[in-house]
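The two complexes that follow have chain A in common; it is paired with chain B in the first and with chain C in the second.
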Partner chain A sequence: MTPAVLLAAAPLPLLQNGLMVGAILFSLGLVGILTRRNLIVMFLSAELMLQGISVSLVAWSRYHGDFGGQVLVVFVLSVAACEAAVALVFVLQAFTRTGRLDSAAWQSLRESTLARSVDHEIPAIDAPLPVFPRLTPAGVSPEADADAALQREHV
Partner chain B sequence: MSLFAQTEPATGSWLSTGLLLAVAVTSLAAGLWLLLPKAGRDSRWPWRLGAALGLLALGLFVVTGQRLGNLGEEAVFLIVSLVAVVSAAATITCRSPVYAAIWFALCLAGVSGVLLVLGAQFLGVATIVVYAGAILVMFLFVLMLAQPSGLAASDRVTNEPLLSAVAGAVLLGLLSLSIGRLSAEDPACCRPPSKAAALAGEPTSPVPVGEAVDLLAADQVARLGGELFGRHLVAVEAVGVLLLVALIGAIAIVSHGLEGDQAERSSLQEGGSP
Partner chain C sequence: MSPSFLLVLVPLLPLVAAIVTVLVGRRLGSRAHLPAVAGIAAAAVVAFVLLVITARNSGGGEHPRPVDMVTTLWQWATVSDAYVPAADSPAAVPGTAVGADAHAARSFSIAVALRLDPLTATMLMIITGVGLLVAIYSIGYMHDDPGYPRFFALVAMFVFSMSMLVAASNFLLVYVFWEAVGACSYLLIGFWFQKPEAARAAKKAFLVNRVGDFGLAIGVFLLWLTYGTLDFHDTLSPDGTILPGILGQTRLADVSGYVGGAVGTAICLLLLLAACGKSAQLPLHVWLPDAMEGPTPASALIHAATMVTAGIYLIARSAPLYMACPGALVTVSIVGTSTALVAALIGTVQNDLKRVLAYSTISQLGFMFASLGTGTLLGFTAAIFHLLTHAFFKALLFLGAGSVMHSMGGVIDMRRFGGLRKLMPITAATFLIGSLALAGVAPFAGFFSKDEILASLHHKGWPSAHGEHGEHHAFLPVLPETAAAGPTLHDVGYRGVADHGEHTIAAADPVGLDALDRPGVWQALFWMALVTAGLTAFYTFRAVFMTFTGPLRVPEEAGHHAHESPRVMTLPLIILAVPATLAGFVLFTTEGLSRFLAATPSFTAPAVTATAAPAVFHWDLALQGTLAAALGIVIAAVGHLGRRSDGPQLERWLGPVRPFLENRMFIDQLYTAVIIKPVEAVAYLAAMFDRGIIDRLVRGVARLPVSAGNLMRRLQSGLVQRYALAGVVGVLAIIVLLAWRL
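Presenting the complex of A and B:
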């Protein structure tokens, strides 16, 4: 199918498909940013919402035969890059202060009328930890860093 | 075939479209709620049930879309959008944040495929290069720097999973209803407007004055560049300044934060109070 035929064949269905994919991505990102507590995963969810918006904009741009939507997506991309840089710096600062990536570590900032959120039950790790192959040691072994060993059990 | 069928739905069908949509929304909410990490989970069956419910909701949304409007014809579009949607769901439900980031990379691949099908070649490639190549790698760097121990307790529980899943599913149901009602006959929304009339605030004339561009022409990237650096030159410059400001701001926050921490610590030590 040549591009011209594609363009002429189904402009409205293509628009609706693109808008639908964008809507699904946006909704999933919304759920993620509402529920997840890891600061970085919350941030990934925000990026997911931006992706949904980009897909919708490009679908409209294709439908109208206008570059405006694509130009707007270029700007969305650059603003997302700026946002990622600044927000990751804030996440790092928050981590150096609390030692956790948990958003509940900052719940002292909540409204004074709200109750403190407490984790009543933490589920156990359900998946077995991955077993990595052990390489034959070679060369001089470096001095052991106790802090680093504490921080890197597994990922 | 397209996601929303052009034909009028049969009026006497035993399952009304609204009921289908309601079932789709409900099963999406239930599936998301089962998939989200939460307390009291000790077996694999909620995960399997949640995934099955999510796929059922996806199928129901396709069927509902077919009844509301038109159902999607291009197999390529369906495949890449399926990749994008499924990996997006995995991104928000994955317990390990590193795996979530990797799923997000797969989602970006799917999104870039969707952009390519929609005729935005430059943006499809730029999404991979900028997002997967730069932003996602930055996320992974921060995760590796900051994650104290891989599976923190806070990654295994979520805030209000049921309410959020219901909110997201209902939002998606409303959006799909309004998307299904778009039609070419509606002059307010979907007819390609004449640019000049739209800019002047006049009602759009039936015959478009501003010519619609063929977005799939061979030189479309060059024309996108022409548009970007012609009509939107000032905005491009502003975005360049914004990037520079964000860069300087990030460095400034880091260095100032370190100084502030040290000052705080030394003042605490001098004061002798904890």
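Presenting the complex of A and C:
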């Protein structure tokens, strides 16, 4: 008796529900990654898509009565954890270098003939921004980035 | 050292000198002449040794043997079975005449082979000898010139090319060095390339020579098709049979070895076209007067003594080819004599000393052509004889003119100076010697060579006055093999071919040129030559009187230069004055040159030896020549002795002819109107077509990918979300495609 038989095959509605949830998660993530410009949020959205796939994997696994899919999900989770660590390092580095989390702040790969894409109508931020204490600047002030003025402070 | 090694040394030494000068000339500075002078001097010594060796081999006495020593250095190119003659091709016939299989496939092979025979030895001696004196002279003439090393590199390069040209034993090799001397000439005419006139003159010389070179190229093609080889000498094929060369002993001994008729005449006329280009004969003479823009030593060496004689050499070398085509021969004479007359007429009114000498060179070369065209042994040797004496006295005159020019601060217009005999006695004396030689005054060199030329024309014009032709003279070469008795090629071979049908080109005398070969024509040519001799004396002494007699006048440009030229320049003048005085007398009285040249393989063809006539001194001809010269000198004296410029008498005598002659008979204007303007118009149209239509089309096509790229470019925004969106759209498109397919 193979181990696969130990798991009873689930009925079709369970599969459909699982796939539905997975699809919803994937779509939410996709919409998030296409619309949000905050690097952390984009990253979260990507994770959401990943989890959507994982859910569908589990659903199929249950439907077929096979552990393979669930084993794969466990692997995906662990790999996703590593990947999250690496990605967050990138995000952190990007932030410490420019002080921004806006993905539109990095446009250097565009065609040199194209103008920089700039937000013309910046939505007002309702909540008052907290004022963080700052150290008195010392030494030569770095060259001002002309593009920085065009950027949003927060995304 | 073997003669073949020495033969290789003659071109090799100047070549090494040229390369050394190119490499280290700048560092040598004012000593940049050393490699060239040393190399050419060594080559001259070797050439002299070769001359002695050749003279000894040729017997030197009463019975010279044909001397034909060939050194094959390496095989340049070999193409096996390059050409398979058609069964009834006229090209197949000559082979049968010399025993080879006419219809066998021919291999095209070009050997880099040098030959030594009397003609080559004589030419080598002239080239290296005059070259050496000119190189020494240039040390003084070219000093302080910024292009000093370049000049000597070019002179050495020229001596190399010219030596190879006369030593090559292969028509293709001759062609290569024919172009090489042309290139050297181009570079030396345009030596002062910053000067627009010099650059234009160089271009003109090059382009006019192209016309002649075209003739040579086509002629060489035809020679190969006709004779199946381009070698002068016989070669051994791998299977041991002898492949007869065009001028080899085998073919020379065969009376039917040479093609006449249309093909032969075409070859000869094409070679004549080539010779006309290089030797500045009508109608391609226009480049030589302009070539005087180059440095005077280069004019003396290249445009008077050596390079321009390449045409004479080519025709003399191809003598057996011409002997088969009487029409081509008489054409050579007609071209030569008319050139001599026309150039002499134009030369009479030129005011530029170097131009006078340039037209004189054209005229004298015309004499040589006239002599070659007689197609007699006397004519051939007389042409080379005149070539030799002319090389000496014309180089002398040019170097003298250079000395005057040097001293006058670059002024060469004879109207602006005068009475220079007191200022520069050595130049004046040597120039006078050269002029006497050029004018043909006994006993200077030109008298004897010109007399021989007139005699050769006279022989043709009045054959009965000189007895029957064909009397064998004492110094006739002993042929290695008796000539095979039999009908000549254009009697049998070509008529045989013509019988096949449409090969009408093979008919004898297709263009009617042979009809010109009759005494009346030769008589006219003789009288033209005699008139030219008188004109020669006139323009020569006009130049002498305008330059050296009368009150002393010096242009302001002369400055501190107005004195006799330095020793290094007068020494070559004095050395050249010796052969200009003696060469004619010595070589004529001893018959040394004509005996020596008679051993040249080309002149041992039965057709040539059959014309050998006893060399006698014709008192009547000499008297006529001297009278013509004396008349010319007297008229020049009346018109110019002691006067500032052309006297009023001359003005009156010439009348309306004068502007015609001063404008060089409007030949340049004619070429401008007939050739240059239409070509320029066509070029303009072509340029318009190119720019207006072709270029626009090309630019339009080029704009397509640019605009397509501009469209795509807008997608490259650099925004991460856009790229992600593109990815999503792509995935969706794939899904849709897959779903649609399913």
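Definition applied: the second predicted complex is superposed on the first by the 110 of 155 C-alpha atoms of A that agree within 3 Å, B and C clash if a C-alpha of one lies under 4 Å from a C-alpha of the other, contacts with A are read in each partner's own complex, and residues count from 1 in each chain.
Methods note: contacts are C-beta pairs under 8 Å (C-beta built on N, C-alpha and C of every residue); 3 or more make two chains touch, one makes a residue touch a chain.
Remember, it's a predicted structure, so these values are computed and weren't measured experimentally.
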{"item": "Contacts of A:L30 with chain B and chain C, given as first, second, both or neither", "value": "both"}
{"item": "Partner chain(s) touched by A:L114 [first = chain B, second = chain C, both, neither]", "value": "second"}
{"item": "Superposed model, chain A: greater residue contact from chain B or chain C", "value": "B"}
{"item": "Touched partner set for A:I53, first chain B, second chain C, both or neither", "value": "neither"}
{"item": "First (chain B), second (chain C), both or neither touched by A:S78", "value": "first"}
{"item": "Contacts of A:W106 with chain B and chain C, given as first, second, both or neither", "value": "second"}
{"item": "Chain B and chain C contact sites that coincide on chain A, given as residue numbers", "value": "30, 34-35, 37, 103-104, 117"}
{"item": "Residues of chain A touching chain B in the complex", "value": "3-4, 6-7, 10-21, 23-32, 34-38, 40-41, 43-45, 47-48, 51, 54-55, 58-59, 61-67, 70-71, 73-75, 77-86, 88-93, 95-97, 99-104, 117, 119-127, 150-155"}
{"item": "Residues of chain A that touch chain C when the two form their complex", "value": "30, 33-35, 37, 42, 103-104, 106-111, 113-114, 117"}
{"item": "Complex contact set, residues of chain B against chain A", "value": "2-4, 6, 32, 36-42, 44, 61, 65, 69-73, 77, 81, 84-85, 88-89, 91-92, 95-98, 100-101, 104, 107-108, 111, 114-115, 118-120, 122-123, 126-127, 130-131, 134-135, 138-139, 142-161, 163-165, 167-169, 171-172, 175-176, 179-180, 182-184, 190, 192-193, 195, 212-217, 223-224, 227-228, 231-232, 235, 239, 242-243, 245-247, 249-250, 253-254, 257, 261"}
{"item": "Complex contact set, residues of chain C against chain A", "value": "713-714, 716-721, 724-725, 728"}
